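There are two complexes below, and they share subunit A, which is joined by subunit B in the first and by subunit C in the second.
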Partner chain A sequence: MEDDEFEEDEGIQDEDEEIEEGVSPIVSAVEFQVIAPDQIRDKQEEIKAQVADVLGLPPDLCQMLLIQFQWNKELLLEKFMDNPEKVQAEAGVIVAPPPPLPAKFECDICCCEFRRADGIALNCGHLFCRECVRGHLENAVSQGPTCISTPCPHSGCPAKYPEPIFASVLGTGKFLEKYNEFLRHSFVEGSHDMKWCPAPGCSFACISTGGGTACKCRCGHLFCFRCAAEAHAPATCDMVEKWTMKCNDEREDLTWITGNTKQCPKCHIPIEKNQGCNHMTCSRCRHEFCWMCRGPWTEHGSETGGYYKCNKYDPKKHDDPYAVDAKNQLTYYVHYFERYTGHQQSQKFASGQLKKAQEKMVELQSRPGYDSQRAAFILQAVEQVIECRRVLKWTYVFGYYLKDGPEKNLFEFLQRDLERTTEHLSELSEAPVEQIDRMELVNYSTATRKFLHNLMVGIENGLSR
Partner chain B sequence: MQALRRLMQEYKELTTNPVEGIAAGPINEENFFEWEAFIQGPEGTPYENGLFRATFSFPRDYPLSPPVMRFSTPMYHPNIYPDGRVCISILHAPGDDPNGYELSSERWSPVQSVEKILISVLSMMAEPNVESPANVDAAKMYRTDRAAYAQHVLRTVRSSLSL
Partner chain C sequence: MPRGKKRTQPEEVPERKRRTTRRTKRAIEEDEAEEEAPEEPFVPPTRPMVDHRPLPVLSPVAQRRLMKELESLVKNPVEFATIDAKDDNLARMIANLTGPAGTIYAGEHFVLQFTFPATYPIDSPEVVFLPPHVPMHKHIYSVGHICLSSLYDQWSPTLGIRGVLLSIISMLASSPRKERPADDADYARECTLNPKDTSWAFHDDRC
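Then we have the complex of A and B:
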């Protein structure tokens, strides 16, 4: 995808390719397969057919057995080999054909007489009229997920209704739809390699094919396959759980105040952050400062050498003449919590920038030399910011639980690198379109991605050089 | 209408082949969805000699869904709520088990009937299920102090006879 006119971009173009293919250091799409509801159905049929093949029973009865075993094929086959009668009885499966049915019968539910052809019986031979069976099944569906193993109405009869009876009796309509949904849910929830995408309203399921945990659904939601929370590398599921509990335990007002407002270091007016960048300008006194450490912004430039160095927790900065252990612990927590919420808010803000980025892309495409592909760098930069903000947020959870030592020093070094470039990329990407320098933004996107990669690989390798 | 036909059938069956110790039928023949029942306390239990009145409210989709049974006579029993509602497995639809102790074979199914409910209530009076009590105090007393429990029940029996 090289462009002769812009040869100087060659190397960067290659990098662009990488983003388009969805390969990033954290999300590897290869390890997950995203499937739509009708594909879930296909998977279900596949397993049913496999079991039917091994047991030599009709697939619909095998489905009843699988439902009983929460779709655990291996366990079902093992137990079936041990004691087929017991497994069948528990699943409500009767393999033997029903006893001869009378030509006429009285339905025990509505007390009316019917011809055999107007009745429905499972292999247990208990005949009920079609209308009553329909009522019984509709009633079961409205009771909830247990409808997938609805028993024959006859008192104490173990036989259960298989899917084809639901399909033929309920016809088309919301009851059958609901039944199928419950069936799909039982399948996905029972399969240990499958999870629903936890995003609200998303109906896709994801299948794990490798050992990864960060799963990207087709709807765009990125979640942890193990704990279903937002993807949280480098923090582990345990850390996230502990952290979430800790955050809930802390007083809510403290949480809100430290998370949402800070006083301007000069005029002390409370300031609520409403943008992604850490470069704050007080709307009252025009003082410029860093949101993270509240130091003057002038100290954060490259010329002073100490720029963006605000990810490091410095106990001296928070010194207190009456310092006690508990107080230190709280300050330690607040340090990490503030940065965690800082990145969280910036992540939210950057997500809100996606739409603006698309508008900027459209604007850019009206200029000569820009097609949709060449204008895509704006969107890619914002996506990169979102990803980095998300990871940075979780690095503060990881850092909170990381003990002091050379590992932590290296970690904070890598974190600082990423934070610095992310901050810069964030500021660049928020600029109006006429101020955007394509080269600069593309280069910073590449650099940021590299630092992100370094951080993740560094942590993966145990933070030892 | 399925429910009405079924209720009339059950009423007919209960009057032609009555079961000892129970009687039931519509309170008012204009409305077949509200019944009353009279239950004789089973012999050999603290409820002996008592005569208890209960009402049944049938849903429009009866017998697909179970009726609600409520004693109007004050009752002291581990499986009867203080407001008279009866908590017994046969009155619960499968999959709807508030206390989590019941097997689905004992649950409501469209082939159950008023008669079967009343027979279950009779055996419940003789043998309370203290595993899933609706009246925790009664269950505790039944388990720890049977004599005091019987005494308590006797009081309700007397009041049922307006003594």
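Then we have the complex of A and C:
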């Protein structure tokens, strides 16, 4: 079975070459504008007005044209200049006023007589009673997003209902709300510089105003504007996609075992990591070891400098059952994958710590000399840990696709610095209030931030000294 | 215009996921039971599937509209079609069709069943041929379902019974040869009683 997996992994070298040696920019909040649903409306009106200005048509008809072109203003204007009749016909827009309407009419849907004033007609001149139009539009809205281009009920008539008719006929209710939501979605999804925040339940949209990719929504979610995954600097979208595919390809059991459990090096009981720090204590034999390399914890720590070799893939030193062949691609992958999932779990754990940090802050504030500002360092430290865990996680994807050479050495050096301080900060921040030393935590937060900056800037500068 | 039913590429989607039409739980269970049994050769149904669904209760608008439509059809009948409606419940009607003269179906007898939803004519009627009186046509499945866009997402509230009859007759008149849709056997296994449950796709705008 292992042999199969080894063969599957021989393709790695080829995959690597396809990765562009691009550089991912670091997080920058300045390059994005986060907007609420009602502000999306304003943006929409702006574009409508611009098109109306150029084409000299009523804005509501321009909206129909824009919907037809998925809000691509440039394409619409270009095609309109080429062949205005065709564009209008396709969008169901009739510019000419309707033919004279009769004073009384029979609605073709309900077969009742009405006065003209009780009917609704588009410029095509097909009169229907208000009640039937309402039924028609409500039915269209319940059919889904296509309702934003609902045609006249008359069989074969191309005319489509513009927004004001929806607003006046549907009144205020869930149908109009739904219609407006579909309209907003068509606008945001059609606009190249706009994206919905991918966080579940978040209704904000983000507008890109620069070239950055890491976008922080007002809801707190940090995502990549290009691929909508979690912000993944320094790894590129390309790397993330390949990495995700690779992880999905690997056998599920391998993924789960290497990602979630390790045997205690002493008593061999399988251990599932459910805490943030790499310092493990076996619950059965009390053996202390490092989660990453499974070496004894006594050999680790800043005094010995031993543990911090753990980020570096050393082909000579692997006593894992998988490390039979040092050159083996699977081992190479597992090395990065283990560290990737390690930081991923620690990130999750640290996120869970946020609430505890707030409780600790409250506790601290009850002591003399601490106000809310002075106690905030605890929360800041946890936030710093979360950010570093997230970046460290993606550095292992970046590192996986980085070829050996002086760049990789420098990268691993910077990564090691960040990992060392993050690990320490993580442990400090999880300590109970009475053991927290404010100065130590503040200093470590600052140092960690500096190492994070060094790593990102180093990668941005192409990892040359 | 008549159109073909969308066929999912089996190599793209695993077998289980392919069945994505809106269906009742029972239908899916029946399917799974069927999957376990060895596949039997497809035999076209020779009598109507038993339909236990209760008939819709028509709204006053729907009733008035259907009465008007029937009046108009009596006054000005559609050639090759007669409507058989029962006064006590307009929600279901039967139309007897004769293959139009001068076409490959000339003289043949077909039976169409209309079931009108409570919200008719805002919503389209359910229109099926009743086996075994189903024309051999590229866009008509042997279970009686008709792939005709104006019965589904291209429905217009002004079409009515007359519009549907005319579309179906013209669909028959323009058919060059008698054949079933390519996926007829698969469809018969997958579909529900209501053709509106199927996601129809449009790739054939010709005939």
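Assume the second predicted complex is superposed on the first by the 428 of 465 C-alpha atoms of A that agree within 3 Å, B and C clash if a C-alpha of one lies under 4 Å from a C-alpha of the other, contacts with A are read in each partner's own complex, and residues count from 1 in each chain.
Here is the rule we go by: contacts are C-beta pairs under 8 Å (C-beta built on N, C-alpha and C of every residue); 3 or more make two chains touch, one makes a residue touch a chain.
Small disclaimer: the values here were computed from a predicted structure and weren't measured.
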item: Combined model on subunit A: subunit C and subunit B, fit or clash; value: clash
item: First, second, both or neither for A:Thr281, with subunit B first and subunit C second; value: neither
item: Touching partner for A:Gly156 - first (subunit B), second (subunit C), both, neither; value: both
item: First (subunit B), second (subunit C), both or neither touched by A:Thr209; value: neither
item: First, second, both or neither for A:Gly144, with subunit B first and subunit C second; value: first
item: Shared contact residues on subunit A - subunit B and subunit C; value: 108-112, 132, 135-136, 139, 143, 151, 153-156
item: Complex interface listing, subunit A residues touching subunit C; value: 108-112, 132, 135-136, 139, 143, 151, 153-157
item: Subunit B - residues contacting subunit A, complex; value: 2, 5-6, 9, 61, 63-65, 93-96, 104-105, 109-112, 116
item: Subunit C to subunit A touching residues, read off their complex; value: 61, 64-65, 68, 119, 121-123, 150, 153, 156-159, 163
item: Subunit A to subunit B touching residues, read off their complex; value: 108-112, 131-132, 135-136, 138-140, 143-144, 146-147, 150-151, 153-156, 158
